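Dropping the structure in here first, questions after.
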Amino acid sequence: MNVFLNDLIAYWPQILMGLKNTLLLMAVMSITGFFGGIGVFYLSISKWEIVRKWTQSYISFFIGTPLLVHLFLMYYGLPRLGIHLSAFTVCVIGFTLNVSAYNARYLMTAYRGLHKSELDAALAQGFTPFETFRLIILPQVLRLSVPSLTNQVIQNIKDTSVAFLIQYPDFFTQMQEIAAVNFQFFKAYMTAGLVYMAMVSVIVVAARKMERQIALPGLQT
Amino acid sequence: MALIEVKNLIKNFDGKNILRGVNMELHEGRSKVVMGPSGCGKTTLLRCLNLLIAPTAGQIIFKGNDITRPGVDIRRLRQDIGFVFQHFALYSHLTVEENVTLGLRKIKKMKKKDAVEKATYELERVGMFDHRNKYPAQLSGGQKQRAAIVRALAMDPAVMFLDEPTSALDPQMSREVVTVINKLYLDNITMLCVTHDPFLAKYISDSIVFMHEGVVVAEDIAERLFYDHDDPRIRQFFLSVIDHR
Amino acid sequence: MTFWKILIILAEGAGYTILVTIAAMVAGLAVGLLTAVLSRLHRKYVDIFLDVYKYIFRSIPVLVILFLVYFGLPGIGIRVPPFLSMVVSLGLVSGAYLAEIFRGAMAAVSNNEMMAAEAAGLKRTQIFSHIILPQMFRMSVPGMINEFTSILKYTPFAYTVGIPEIMKAAMTLAAMTLRGLEIYLAAGIIYFVIYKGFIMMFAAVEKKFHIPGLLVE
C-alpha cells in the first residue's frame, strides 16, 4: 500500500488535472445536453408531422446506438474528410447529441401526463404557441422531469470515463497511467471507483436539495 | 354447538382499546350482520376472527377449538373462512376464472380441469360465467364484487366473512350484489357480514349485532333494531343511516 | 471495398455483441430477481447489504468496474476470462438498476390483493410467486427495456478486454484500410439494427403478456 500511496502523491498534480478535465466535461455536457434536450423536445411536439417524425428518429437513433461509436466516428473517421477535432470537442459534440436525446425523451414522458386543457386555455387567452410552450408547458414539464434529469447528470459523470478510450486526459486516464507504472491495477481501479462514488454522492445530495426547492404543491409525477 | 364463539375478545392497538370484551356466537347455517358507527371496531372484529389481526386477549372458539392459542394452523383456519373485501381485491393479473381457480389449485390442490369445472359451476350461480375470461379492470364494480364472492365461495368454506361488501359501489351496483348475497342467505350459507348498509343487512341476516365503542350493545332482528329500540345510541345510528324518503 | 462489404465484415462481430448482451441481460435479471426475493425478507442487515450493493454499482462507471474485474482482480490472485468479466460487470450493474425497478414495481402491487391472498390461506411463497412476481414483471417491462438499452450501449467496451465483437472488428478494419468514417458509420447502423430487433422482440413479448388495467406508473 505504501508504494501505491507514494505514487498517488507523486502523481497528484496529474490526477488533479484529470479530475478537473472530468468535471469540466461533465459540466459542459450537462448544460449543453439540458438545453439541447429542451430544443429536441420542442421539435418533438411540433405541429408539423414531418418534424415530429425526424425528431423521433433522431432520439431513437442516439438512444439505440452506443455513444462510443459516435465518438470513434468523429475522432477516427472525420480526419478522412480533413476535419480534425480535439478529443474534448469530439466528446462535447458526441455527448451533447446523446444526452439531448435522453433528456428530450424524459420531457416527452412528462408532457404526456400534462393536463391538455391548460394548453387550450392558454391559447384561448391569446398566448402564441411559442409563449404557451415557454410559459405553460416548459415550467411544468421541467419540474416533473427533475428526478430523470438529475439521474442523467449522474449518468453523465460516469460516462465521462468513456472519453478515456479516445485519449481525452480525464481522471480515469490518469489512474490508468499510474497503474501502468506501478502495476497495482487493483488498487488503482478501486481508488478510481471510490472517487467516482464520491462525485456521484455529491451530485445526489445536491439534486435532492434542488428537488425540494423547486417543488410546487400538487404537481407530481 | 356454535360454529364460532367469541368470548370477551379484546384488541388494543397504539394505546387504544378497539375491542373491549366482545361476546358473540354464530351457528352453522345462520347469518349475522354486525353494524355500528365508524370506529366501533366491527372491521377489526372480523379481521381478528380469521387472525389477519392478532387479538390482544380473549377466546375465539372455531369448530370447538380455541384459535387464539399458540400453535394453531392459521392457513388451515383461513381455508375454512371465505373472505370478501370492501375493495374487491381481485388479483389484477388474472382473469375472473383464474382468480377463482388459483386457490382451488394451489390450496386445495385440485387438478386444473376440476378447478375450472368448479369455477364454472359457481360463476354460473351468480351470473358471472359470461365474464369469466375478463380481467378485473374490464369489469364494473358490481361484477368485481360478484367475482370476489365466487372466489371465496368456491373454496367451500365453513363460513363467509363479508367486510362492507357494498360500500364501494353505487346504489345500482350495490343492489346487484345484495341480490347475490341474498341468494347465499336463502341457500343457508353461514355468513358474518360487517356493513353500514341497512338494506343489505335486512335482506341477508337472521339477526343484527349492534356494536358501539368496542362492545356488543344489542342483538336483534332488523325490524326491531331499525325502528323500535330503546337504546338512544341505536336509534340515533339508524336515524342517520336509513333513508326515510 | 464497398460499404456493403464493410457491413458484412462487421456483421460477423455482431454475434458476440448479441451474445454479450443476452448473457449480461440474463445475469442482470438473475441478480435483480434475487434482490427482489431478498428484499421480501424485510431483514435489517439484508436490506442494508442490498442498499450498499445498489449504491456501489449505480455509482461506479461500467468501464471502471470492467477494468477492475479483468485487469485488477488478477492482482489479488483471481483471474477472470474476458467474456465472463464482461458479463459479470454488466450483470452486476444492470442487476443494481433492475433491483430498483423491481422494488418500485413490487411496491405498486396492491396491498388489498396480498391481504386477500393471505385471507384465502395461500402460503407466503405462493403469494410471492403467484401474485407478486407476475404483476411485478409486467409492470417492470418499460424499465427492463431501458436497462437492456443501457447494456447494449455498453457492449462495445468488450473490445477493451479482447472480445471480437463489432467494435473490435471495426477498429481492426479501420487500422488496415484507413476508412474510419464509413466503417464506424457501418458499425453504428449494425448496432441500431440490433437495437431495433430487440425492441421489436420485446414489444411482441409485451403484447403477448399484456393485461388490461395492469398499467405501468
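A, B and C are the chain letters, set down in written order, and residue numbers restart from 1 in every chain.
Rule of thumb we're sticking to: a contact is a pair of C-beta atoms (placed from the backbone, for glycine too) under 8 Å apart; a residue touches a chain by one contact, two chains touch by 3 or more.
What you are looking at is a predicted structure, and each value in this text was computed from that prediction instead of being measured.
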Chain at the geometric heart of the assembly (C-alpha centres): C
Chain pair bearing the highest count of C-beta contacts: A-C
Where chain A and chain B are represented by their mean Cα positions, the distance between them in whole Å: 56
Separation of chain B from chain C, taking each centre as the mean of its C-alpha atoms, in whole Å: 46
Cα-centroid distance, chain A relative to chain C, in whole angstrom: 21
Complex contacts: residues of chain B adjacent to chain C: 50, 52, 75-79, 81, 83, 85, 87-93, 102-103, 106-107, 135-138, 148, 151-152, 155
In the complex, chain A residues that touch chain C: 61, 63-70, 72-73, 76-81, 154, 158-162, 164-165, 172, 176, 179, 183-190, 192-193, 196-197, 200-201, 221
Interface residues, chain C side, partner chain A - complex: 55-56, 58-65, 67-68, 71-76, 149, 152-157, 160, 167, 170-171, 174, 178-185, 187-188, 191-192, 195-196, 199, 217
Chain C residues touching chain B - in the complex, by the definition given at the top: 110, 112-113, 115-123, 126, 130-131, 134-135, 138, 211-214
